[in-house]
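Two complexes are shown next, each including chain A; its partner changes from chain B in the first to chain C in the second.
On to the complex of A and B.
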């Protein structure tokens, strides 16, 4: 290979950018404990902002000045703001919540750029010193490439100096070891987190801006985001801790990717292979990563509660849902029926995450990928108008789910999420696009009798109901107990004889099987389906809205799916109203991000507020029973407002009415506090109950 | 031959040697106490025996079988069960479901003598948790959570029971009941390894006591002997000579 050294240089140049991006990810992860899935999207957004500032079509500022503004002002502010507003609330939440919030941010940034700020158009991505290029053993190397390498070296040196030679760096390393201890010793972990998020965003921006012209000659949202996501592989090689290994990992990936150009045959089937090299390396790294030791004392009190659905409730839900769908289908137009059907398919897809994420606490970012496999099996192996095709789709998707999960099962949490994401991206790039697969779009016949769209909508409601009943039945039985027990304490399960690997495998298989059925449903709904229906990016909102709805209960899947389906409809219906449509398109992301404040999901919150009210009512009744005798005076009685008087000094209370309890149902007013103070002979400051809440 | 035999077990965390060349025997039908100051390596030794912690050197055999390389769940299936010093209850399950789950795990790999539900109810009775059977485990006080762990371990029908500070958080009455239960279990043929800071309890129920200090076995013998061992006194009360 005479041009090997040229490709090597190019590889190191690409790798340098991966290294820069990955180092930002590692810095934020180690100091805040949150793996930022939105890191790639951050880099992408910053590249757009840089374009806006510097491009002649934008504001035309000098590139160097623009670079300084983005790297040292915009990106750090953005990172710090994200930490302060979104991430800080996540300290005592589960891994699923943490992941979902950053995925929400990722989806949000992507939609924000696509739909609101920079709708698709041609935006040339300029290289630095575009004229300067040299030919090195047959390969053209530009000044831009060399700048990337130089910048990576500077970043590496800078990070070393920061972490080992400055006070703030030492504190950052201390936060990694023990956050609480740093606080006790007078450090400020929150401020350090903010700093590290600012630094991380800055590094993402640097990588994004430098990568933009290398990825494609114009700015493109998804390729740019994926480019920075590729850097996650480097961070994993560094085991999310070691910066030297992260840098090495970046270079390895860059070089491997460029050498793939030289050594891999250029055939049709392998066109997707080169961009997939980082993902393949990520997969391999995850496979050889040493197994994480089972940790004990994993039991910490999280803010999440875990409510469960009942069989009766689910049965009722199914009946109501079918009736409601039938009603809506009767009164609305054809388009609305399709929208509703689409939402119901989304419900089924989210339902597939309930056993996996809700019960077992595992994460999959590849649900639509399993759906794609299901639809392919149902439509091409046998005719999809044969009901058996559904069973077959579920079986094959389930089997693939198990095979994918098998190597990943030794992994936990983030690594498992990354492995499923890598699998989804590989399927997008390498398999789904193939002619024999979904490349030439396939048409999926409906089951006989379902040709009418209205009937099909009701059928979808029935499918969701049946699958939901199955999931609830699982939860109520030994298998559900196993999953829940494994989520609560893997160490205890193992020492009681439970095979964790096998249990996780079963959870993955069941989840993938349901997703496979969901895929077939999508196929039956749409005139035809192709690779774009099953992209990794499509699977992200499923997890988002599932967790937003409440992923531990099937009602949460219903809520999340309907909401996810409603957003684009609302955006369309309200297209003439300013701002609102954009807001609705950002809906899933905003909902996901808001999860940090309310990690239990909407359905759980609602049912809990009902339960709490009943509980409060019961308590009040008890209180009344013990204290139905109350002195009467001119002041204020702490008790029901406007009590009935018996005349003999006792206050009578009708146990059936629901009086308002001062200080319990609502805070005291200032006047009441004064009266209380007088009655109890207190000074103003002694009883200042209103001021507290 | 003892039920459990640990030979020359050594564990290192970085440069720190947590457990150094430990030999330990636990016999069936007897309660063996493992005592020592905080940080002596007791829990680490438990983790080694149950497979949660890899060893640098040494071997562990159970019921005549070398188990050093077995995964935790396979060791459990041979008939050992443990409780955790820092609780590992299944918080989102009820007390009964906790024990039921353990019985079900067992029924999956061993031929069951009774249904998991029957087993769960019996065990609930034994550990005295029937009144809180349908309470969520994470809503119970520490003492009862410890009893859940004990019940869970019993529901897996072990030959060897490893208890990591089962009495901490128990009231005096509960501790007394626990002591009686442990004695009965040992009489029924169970081997028990007991880590506990409650010395009166240890002295009362154990036939043999091993003292661990800085990762090594300092002394081993019947309670009376241990009580008078000057080295043990020194480890616990500090040196008199300086």
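On to the complex of A and C.
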């Protein structure tokens, strides 16, 4: 007890760093509406860059100069660049797309640093003024700790001055209130966005540089990223908009964590509790946050569409898949069969996201966690060689999913994503490693008859098909219609008496149940599975590749899963080729980031372009039969250009030559829009409102 | 649907591609192996005799020239294809690169002297990527004769796979019980997980009898570190240690200062950290910051790493570290470990020597010893029999003496101490004071453990 005030000071020191990090996050969120999951990774990258610039083993520049360069040049540029290139295009997209892009950026930065730029090596991170320390009430406090506190106070004061005393700050606050109104009043929301993202990146950099020597005395990717991620809890305490509360939240988390060291016994059962303190605080905060207002209209105006899968189509896909897998398994070596099987498991895991993310527009970052719960149930409650274990695994995983989602469902979608992330981290730190759970590893028996790896691969394909059929069946039934209605207009659903919370809960439970089965499949595939197989970080690529593949269609899940499974195989097979292996390891991240251009996902884009082309061909055929065709001499051409000739004297009319037909029975394609602009003599610059702001 | 088929086609293409790639790679390695190089292998001898690695005759020679094709996978009249599994890519890129480096060094050396009975060694490097161990073992079963010098953290997953396909493995080290006690496995420094050599503890308890009554231990409660912690605790308690603190720490421990404050409050006077070298470095750094440390800060082979000093600097001073491999600080002309270091220096990039690499190199020498004795009568059974017959092994002085056939070793060790930013011999005080190779050997300190240890992979 005597050391209490000393530990308090240490807690405030750590908490100050959380506060600095969280404030940067809140600044970008309030001015752009995008929760930047990559905030932690940004801080981490900047810490590495700072090390590279200032460390004797790097470029040995003086620390002050290094700080100036990183905080005032590199980080703001990076933030502004990210906003301009990636985030600007996300304005009209759904929450899912926004989140996936930032998660893609986070994964990409992590892989870039760990695999390409700074592969693991010893990079000591020195504290500022090492060796200077004082003893306060029995606890040793270093100069570095005090600097952290001082910097946090300065940042708080600086942000207050910025937001309340400067023109830019006032504009930023105005943008929070009403972006369009700002534009109408002559403000420039986009410039403000770039500025605030630059500011956010600088704050992340500050937090990262100060935290690096504290977290681990050598630079390491994950610990640093997780440290800043812990700051997200502080942002939540500030309800993602109140800076004072964000700062308070950071301090609370830091103090709680330090006190946990003092008062929590260090037994095996409780080991994971200490690093989980921020996560637990996040959960508690979610429980007490007030319910958010319902959206009245759909955000998916122009850019996103939801196709319909059919039961027959899915059945056909399953049959083809099983045949293809059997063929590939026959011609491949043993390791490739295992790689293919793993890809199929990934397909199942991504499929679990289809009902939740694709149909209901909600996000879960805990799919592998539910997989871990499922496999534990199947292997330890009854033996996994009993088919009943699959059912049990699905039920338990689904139930856990419902319980986890419940606090967050009455809140905005972003909170659900954070809640699932927090849940996954909690399970990683605290539960999976327990002896009674996964311990170091557990062995999961396969169902009888599936000992042969090739046969098991075909079984996995069958499993995917069955689950896909289930999902499609759901979609085409009343439940699917409810989900679609909810996605379009939650307020309208509420006025019709639809229980939104229950519908979302059901979607979440189904998603978790399928993920549970996926976990059992992984367990059956590998000789043993352990906590490392179900880490939260592993769930991120699932979301990335799922959305990129097309999360609204089961075919998209198949494509995304196979591609995700292929990346590491390609990287290994081509290990001796320069650059390519790194590109493949960055694959999921790059795919996620590029989603901004292609929000519907690859599968939907491809099927849609096929559909468009078929449509165009059909229309051309119709018009040919109907149009008034004259020989060339008399030349009555309909449209701005002379019609093409088929070579046998017939004249072909292209739909593009007849603008009045467009848009009536099918959506515009890009070509048609351009043709329309030409016909109306409009220029892009006249139409682009954003260019003028 | 179409895109899914495209992806499958991509997978098939990759499947065929991988076979071609390995063929090309093997050819490249075979070409590499014939390049001449310098070597400090002393006592270079006339044809028909063997090069010396320390005190050991390395059984690499041109043979009699009358080799025949034994008709088994991975062995022809002119070549032996061996594989080395290691964690290279994955979440910690380059983790076990020293194992591949050690095997490159060995293959270069052995092929320079003719290979094994005139059969050149071809090395297939198999990347386990930390979590693909079963797949890697399956690849080994299909592509190579045996695996040599492996270094895999989660080797349990591959143990049964190799036993099931009847393949012998001679890894550089083993991490899990399933592999350490596996059938068809022999290694240079056996590490049977059902016993624990408590020699180092006995030495400490003799030097610091009061301090070991107030002993503390930190460990990460996961996997191999937890296993080793449990083994040491039971064994050391048996020889008189009393643990007043036995605390878990996190893989990423951010509260070291608070942890050390707590340790000081408990009155501990001896501490051991079962984690990696980074964790140990941070532990002593925190001690420096807090301004207190227990009388004895003890560590094992995993801490015998220059990274400790690079990270902790002065904070590491006075730390005791026990090792079972010959210290690099005492490497000189004529010692086995010098041969390892010299061959490493010839490799591209001149990688640093590492304790695990020494083990891998010695395991490769063990393999050569057994393989050579078969002459032309090569089969998996004969190789297993030959390995089962090697009861004394020390890699020419590269490490403590061991008994690979029995999968055991006498309790020999040496203590180093961090002084002036270097690892310095501490006990025995000079090489000559030691019992064997500069190590001291204790009797009756190998403790049989009562606790439940997992079974080794078995042939049924």
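Here are a few things to note about the model shown:
Just so we're on the same page, the second predicted complex is superposed on the first by the 623 of 693 C-alpha atoms of A that agree within 3 Å, B and C clash if a C-alpha of one lies under 4 Å from a C-alpha of the other, contacts with A are read in each partner's own complex, and residues count from 1 in each chain.
The rule is simple: contacts are C-beta pairs under 8 Å (C-beta built on N, C-alpha and C of every residue); 3 or more make two chains touch, one makes a residue touch a chain.
The structure presented is a predicted model; accordingly, all values stated were derived computationally and were not measured.
After superposition on chain A, the partners chain B and chain C are seen to fit next to each other with no clash. When the shared chain is aligned, chain B comes close enough to touch A:498, but chain C does not. When both complexes are overlaid on chain A, the residue A:674 reaches neither chain B nor chain C. Touch criterion met: A:488 reaches chain B, while chain C stays clear of it.
Once the two complexes are laid over each other on the shared chain, residue contacts for A:558 go to chain C alone; chain B is not touched. Of the two partner chains, chain B is the only one touched by A:478; chain C is not. When the two complexes are overlaid on their common chain A, residue A:386 makes contact with neither chain B nor chain C.
Of the two partners chain B and chain C, it is C that touches the larger number of chain A residues.
With both structures placed on the common chain, the touch criterion links A:137 to neither chain B nor chain C. In this overlay, which is a superposition and not a single complex, chain B and chain C have their closest Cα atoms 22 Å apart. Taken together, the chain A residues at the contact with chain B in this complex read 293-294, 296-299, 301, 306, 478, 481-482, 484-485, 487-489, 491-500. Interface residues of chain A, counted against chain C in their complex, comprise 3, 7, 10, 14, 114-115, 119-120, 122, 124, 133, 135, 138-140, 142, 214-218, 220, 222-223, 226-227, 257-258, 261-262, 266-268, 271-272, 274-275, 313, 316-317, 320-321, 324-325, 327-328, 331-336, 338-340, 343, 429, 433, 440-441, 453, 526-528, 530-533, 549, 555, 558-559, 562-563, 566, 568-576, 581, 602-603, 606. Residue ranges of chain B in contact with chain A, taken from their complex: 47, 50-54, 71-73, 75-77, 80-82, 84, 86-93, 97-98, 100-102, 104-106, 109, 116, 138, 149, 152-153, 156.
By the touch rule above, chain C contacts chain A in their complex via residues 1-5, 7-8, 10-12, 14-19, 21, 25, 89, 91-95, 127, 129, 131-132, 134-136, 138-139, 141-143, 156-158, 160-161, 221-223, 226-227, 247-250, 252, 254-255, 257-259, 261-262, 278, 281-282, 285, 289-291, 307, 310-312.
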